[in-house]
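Next up, some structures in structure tokens.
In what follows, subunit A forms one complex with subunit B and a second complex with subunit C.
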Partner chain A sequence: MNQNGYARRSSRVAARRLGDEVVIMSIENTAFLFSLNRVAALIWEAADGMTSIEEISARICSRFDVAPKAALEDALDLVKRLAKHGILQMSDTPISAANDFVQESR
Partner chain B sequence: MSSLLQEMNANALKLGIPLGVQLDLTYRCNERCIHCYLDHDDQGEMTTTEIKDLLDQLANAGVFFLTLSGGEILMRRDFFEILEHARVLAFCVKLKTNAVLIHEKEAERIQALGVESIQVSIYSHRHEVHDAITKMPGSLRRSLDAIRFLRTKGLRVIIANVLMLKNIQDYPSVRALAEELGVEVTIDPTITPKMDGDRSLLDLNIDQAALSRVFHDQDLVGDVEGFHSPPSTIDDATLDSLPCSAGHTACYVSPYGDVYPCVQFPLPSGNVRRTKFLDIWHHSPQLNEVRSISARELTGCSKCLNLKSCTRCPGLAYMEGNMRGPSTQDCEKSLARTGIPSTNLLSKKPTLAGLVQIGRLPILQSPVTA
Partner chain C sequence: MARAPLQGSIVPALKTAAEPGEVVIEIGGLSIRFWVEDAPFVRLLRERYAGFVTSVQKTQLNFDVELISPSIDHGDADLRVEWKFGRWWMERGDFQAEWNPETARGLVRQTANPYSIDCVLRIVHTLLLARKGGFLLHSASAIRNGRAFLFAGDSGAGKTTISRLAPPDVTLLTDEISYIGQQGQSYFAFGTPFTGELGRSGENVCAHIAAVYFLAKGPENKIEPLKPADACGALLKNILCFADDPDVVHAVFQSACKFVCEVPCRRLTFAPDARVWEMIV
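Let's turn to the complex of A and B:
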């Protein structure tokens, strides 16, 4: 995936913001708990499947004192690491925001 | 507890965030367990809309761990609608159920929605014992069938094995059954009073001899010698410590919207039908009183030799009449663990003959009560 790629939060996670941080647990593997610092939390919250990684890294630059190249590299690195654990989806094209849970209820 | 989870708890405490909430969806149940602390009549449960609104509030308040319990959660026809809403809000959901209403279709739906775990109550591997406790013929077979359905879907199942006089000798076989099913098991030797204060259920509790046997079972406690090591000296850190998470980073909400510090701590602290959850959480005088209590202020307990290793439950103490006082059931556990009677037990000794067998320690060789 390149800087024009997209990332979307997986629906197979539990996640909550605690102060500056975001805590995430994969439902598929509850043995792992992830804690994202405030920069990573911003990337997580922006990963809606429709906002490109480049746009997300631009948001980081506008909020934090970080060079654009470093912000983009860090964002890409984080997305890849989280995707490896199944808590983010990556794609070269926008990812639909359809509700993953919608099924016939009882 | 993992270090990250500890850190998460510490952060939540510092930020005043209710990290974990147990929400009982209903007190109605299809079983009639002899040890149950609830009244099963419907006194006006929250509607689907009210519960969804409450879940929105809990998510905004920062709740991460959401336990959905009852009663029997599947007695609510809107259960899956509620669970779906909870998962859309990204809660880490734990379910507590007797599972008798879970078949393949329900297991599949739970898997699709994604939950952290499903806790299923199993009292014995023997049908006649389990079904006599639930007062529902065929309940063990149905619960075990459900566990198999859930396991087939790859879900994490935890068997909850509550110990009482009727089933104390069965827990090793329940553990073996859990292993066979590929599920985890927790053992709980505590029967609590009814929420209305009726203490008659306590007669079902295992006695001191059986408790001591449980606490000396290496399969349960691991390092038996370490587990039973003499209590260490009381220091300032112990005296300044908080009793448990109840009211600090966790609370309980009943099917009627009543908020309590914990399911086992029925101190009415507000109602979400009248007041927003966060207002109750931050401003309830009752919750703030619970938060103000450190070990230093505990009547009797602060000077008790067992203080440092005691699992004193403030809710059980409250149900005994004083939230700053001792919980006799935990005093008995401390006695079984350290061999040292607590300050509370010593003060009660003359009246406890026959209830707590203080004079018979050590009691390793005592027979297990059937």
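Let's turn to the complex of A and C:
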């Protein structure tokens, strides 16, 4: 994925903000619990599928004392790592909500 | 293993009167009736769950128990819990069970041992609690000065040790599996018959939870606070969740997050001597 790529939170996870951090658990693999710090939480919350990674990293730069290049690299790295665990989806083009996971209700 | 289907039609008509063949087990205020034809097995259950057997007529759930030949026992086969065809299906080497939440009725087919019903009880309570913000936790729990304290950890973490070290003014709720119920913003711990190495049931009482301690053994006693995210991770590692069902997993996750926001969670490193209880007040 290039720096203009997009990331979207998977709907197959449960997530919740606890203080400064966000904890995330995959519904399909409960063995892993991810705990995101303030910066990572910002990336996670901004990953709506329509906001580019570059734009998200710019938001990080506006809130934290970090160089734009480093922010972009870190954002891309985090997105790739979370995508590897199915926590985020990533794509070179905007990601719509059409692929949302639908579960049987009862 | 070939899976024998359990059809609703094989569930016999439910008995409602207090007859010799029934055992009602009440844990966490929820009573479950087991109807068993075999008198020796009824006695076995009444002894195993002494302190939690009640004579209430109105129960929230009713199971018929059909004893099967030991030759059908498939030993150590893994536990499976699935939601399908509008009911929960539970299966392990020594039992098969089904439970229809809509009718509040179910069937257990098992060999004549007390462990199968113990497993069914844990699963059913876990599923019911998940809907109500509660859960079963791999932890010892005890009441002191009217408040409940939980001591969570894996096997070997010290749950039974800390239970054994409890001074006389402490009421033990369990040394193995704690029952946590939510009422509004408050959480309560209830006694359970689920025992660990201590080998005796907890007292059938409950109290407001004052704190959860995640156990670690060390050279000296010390208590450290945990950040909510760390506490959530530690808690989730110890919550009993038998079903992979997305609704249940999601509910358990949300319950754990809410719990760590409401209840103080700490790490307790302790040396195995009774002085640790001086810190639990």
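General observations
Criterion: the second predicted complex is superposed on the first by the 98 of 106 C-alpha atoms of A that agree within 3 Å, B and C clash if a C-alpha of one lies under 4 Å from a C-alpha of the other, contacts with A are read in each partner's own complex, and residues count from 1 in each chain.
Note that in this section a contact is a pair of C-beta atoms (placed from the backbone, for glycine too) under 8 Å apart; a residue touches a chain by one contact, two chains touch by 3 or more.
Every value quoted in this text rests on a predicted model; they were computed, and no experiment measured them.
In the superposition on chain A, contact of A:Ser11 is made with subunit B only, not with subunit C. Using the contact criterion defined above for the overlaid structures, shared-chain residue A:Met50 touches neither subunit B nor subunit C, since it reaches no partner. With both structures placed on the common chain, the touch criterion links A:Ala70 to neither subunit B nor subunit C.
For subunit A, the partner that touches more of its residues is B, with subunit B and subunit C as the two candidates.
Subunit A residues in contact with subunit B (one complex) as well as with subunit C (other complex) are 12, 14, 16, 18-19, 21, 23, 25, 27, 30, 33, 35, 103, 105-106. Residues 83, 86, 227-230, 232-233, 236, 241, 244, 246-247, 249-250, 253-254, 257, 260-261 of subunit C are the ones touching subunit A in the complex. Taken together, the subunit A residues at the contact with subunit C in this complex read 12, 14, 16, 18-19, 21-23, 25, 27-28, 30, 33, 35, 103, 105-106. Looking at the complex, you find that subunit B touches subunit A at residues 2, 4-5, 7-8, 11-12, 15, 17, 19, 59, 62-64, 77-81, 84, 87-88, 90-93, 106, 109, 112-117, 156. Of all residues in subunit A, those touching subunit B in their complex are 11-19, 21, 23, 25, 27, 30, 33, 35, 99, 101-103, 105-106.
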